[in-house]
Amino acid sequence: MNLQYALELAGTFVFAISGALAVQDREHDLFGAGFTGFITAIGGGSLRDILLGAYPLVWIGNVNFLYAIFAGIVTTFLFFRFVAKLRRTLFFFDTLGIGFFTILGVEKALGLGFRPEIAAIMGMFSAVMGGVIRDTLTNEIPILFRKEIYASACLAGAVVYLALNHWGMERDYNLLLSISIIITIRLLAVKYKLSLPGLGQHPKRNG
Amino acid sequence: MNLQYALELAGTFVFAISGALAVQDREHDLFGAGFTGFITAIGGGSLRDILLGAYPLVWIGNVNFLYAIFAGIVTTFLFFRFVAKLRRTLFFFDTLGIGFFTILGVEKALGLGFRPEIAAIMGMFSAVMGGVIRDTLTNEIPILFRKEIYASACLAGAVVYLALNHWGMERDYNLLLSISIIITIRLLAVKYKLSLPGLGQHPKRNG
Amino acid sequence: MNLQYALELAGTFVFAISGALAVQDREHDLFGAGFTGFITAIGGGSLRDILLGAYPLVWIGNVNFLYAIFAGIVTTFLFFRFVAKLRRTLFFFDTLGIGFFTILGVEKALGLGFRPEIAAIMGMFSAVMGGVIRDTLTNEIPILFRKEIYASACLAGAVVYLALNHWGMERDYNLLLSISIIITIRLLAVKYKLSLPGLGQHPKRNG
């Protein structure tokens, strides 16, 4: 459990950095960048817990998450030039975080007694809604609608976890497997520019 | 009550279709369209219940609403060309749904012991906020601000329901009457392009 | 306490006016302007209370806040030309309101037993998130990201209040002092066009 807690804090730290970096090209000041990092890091889990009525929200009940976010924002400020060069590394850790938070969200909803269908949606929301809120606030079409096979990778991993859980697979193996599925789908989709078709279109490859 | 429940599921189905269709012209994939249908269908009722603290949210407590949404999304995907041609029919059912969910929202808030002023706002929110959230996510000026006499029709119907309820009209008649008022105002407004005036303007007809 | 309650209602009235005025230049009808005034006035406090799970929300539990909002909207409609000329006066009262609601938000969170770190964030959210939601709905980059030293002034005042509270300063003096700090920072920032630097930039003066 200590490993899981450390990973949660680390994932929150990475989400805060990627959120703060998201506004570097626009007319945002440091405060706006920090605020965006904060929203990105807490948005998904907060929305999940508000929808489920699961109080207190994680970062409100445990102030260490707030410190992880603060550390991420300060790191971005102090080492901006260095961090901005690490985009590929950050993308990789961001993808790890998305997979990890999806399955944690599924487990939280299941643990509170909600049905698997609800748990799958809550897992996906945990991972992607922080970014959706960030993009909405900064007036962009949310990444979820632009970069295909992003939220859908999370949903696929959540469904796999729920199925294997239902069939009795041990939790640790299931966690590793379903997170790996999310990460693999996401990395393959980005590498090969895979995308789902739109309404009234045939499947295509971008570019 | 069974008729009401069936109508609620049917209204949710229609809202999901109209939400999914809303993104057909943009760079959305199937997942984005489904996600938008989902948000449109659950947004208004979820916001109402979160504001009231009425847990569990309807679709989280009763998974049949999730299935109604899923059916609406799959229907849109499979029969896209057919559904897209039914715009007038869909608009009619959407208008029915807006009237119906307004009054159900009013009744829910009243039933939980909230004041009529709050119930009127919650009724309007139930009907229109799904569309507002949808438009905000897809980076449009919400329909509520563009298409006049839309949310205001819901508010008018809610006030009529509350007044007649206060004066003792039987529930079934009141339901039918106040829903009809919402639908009539909305259809007349669209047919004759009626609109409310803006700030510092005189009343006008559009176009 | 009666003075504080009167100030809360007055602040809500002013926020509703500034919200309704915010949409005068666009294609909004009276209803859209009223809706925007409503959202601006309730948004920050509602978000704070939803995040904290502090039910009922202020305006839902006490209908007088609804009447204060309604009065602000009607005032804007009836005396639009007059009110629109009062921009400087409104800006001043809006700034007063932001300072006041920041510290009230801090006190509410503290009173509910939350940690100071959470209370500081909740104070800032109370004051600024109504405007952020308003700007997001009307498809603008939120003022928080554009006009520097706005939310950060609130955060600074909240931290000062918490520090002085921790060191035992009497509540009334602390309230006046920390609100004055927020107002002073905000007014100086606007007068001298002060701003925080952006990521990878040096501190600068705008314009």
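Each chain gets a letter, A, B and C, in the order it is written, and its residues are counted from 1.
Definition applied: contacts are C-beta pairs under 8 Å (C-beta built on N, C-alpha and C of every residue); 3 or more make two chains touch, one makes a residue touch a chain.
If you want to know which protein each chain is, UniProt gives these names: A, B, C = Trimeric intracellular cation channel family protein.
Predicted, not measured: the structure shown is a model, and the values here were computed from it.
Setting chain B aside while every other chain stays in place, the touching chains still form one piece. Relative orientation of chain A with respect to chain B corresponds to a rotation of 120°, obtained by superposing CA atoms and rounded to a multiple of 5.
Copies chain B and chain C of the same chain sequence form an interface built mainly from non-equivalent positions, shared numbers / all numbers used being under half. Measuring from the averaged C-alpha position of chain B to that of chain C gives a distance of 30 Å.
Touching of two or more other chains is recorded for residues 50, 136, 139 of chain C. The part of chain A that touches chain B in the complex is made up of residues 50-53, 114-115, 117-118, 121, 132, 136, 139-142, 144-146, 148-149, 151-152, 155, 195-200. Per the touch definition, chain A reaches chain C in the complex via residues 20-21, 23-24, 26-33, 35-36, 46, 50, 55-57, 60, 63, 66, 76-77, 80-81, 84, 136-139.
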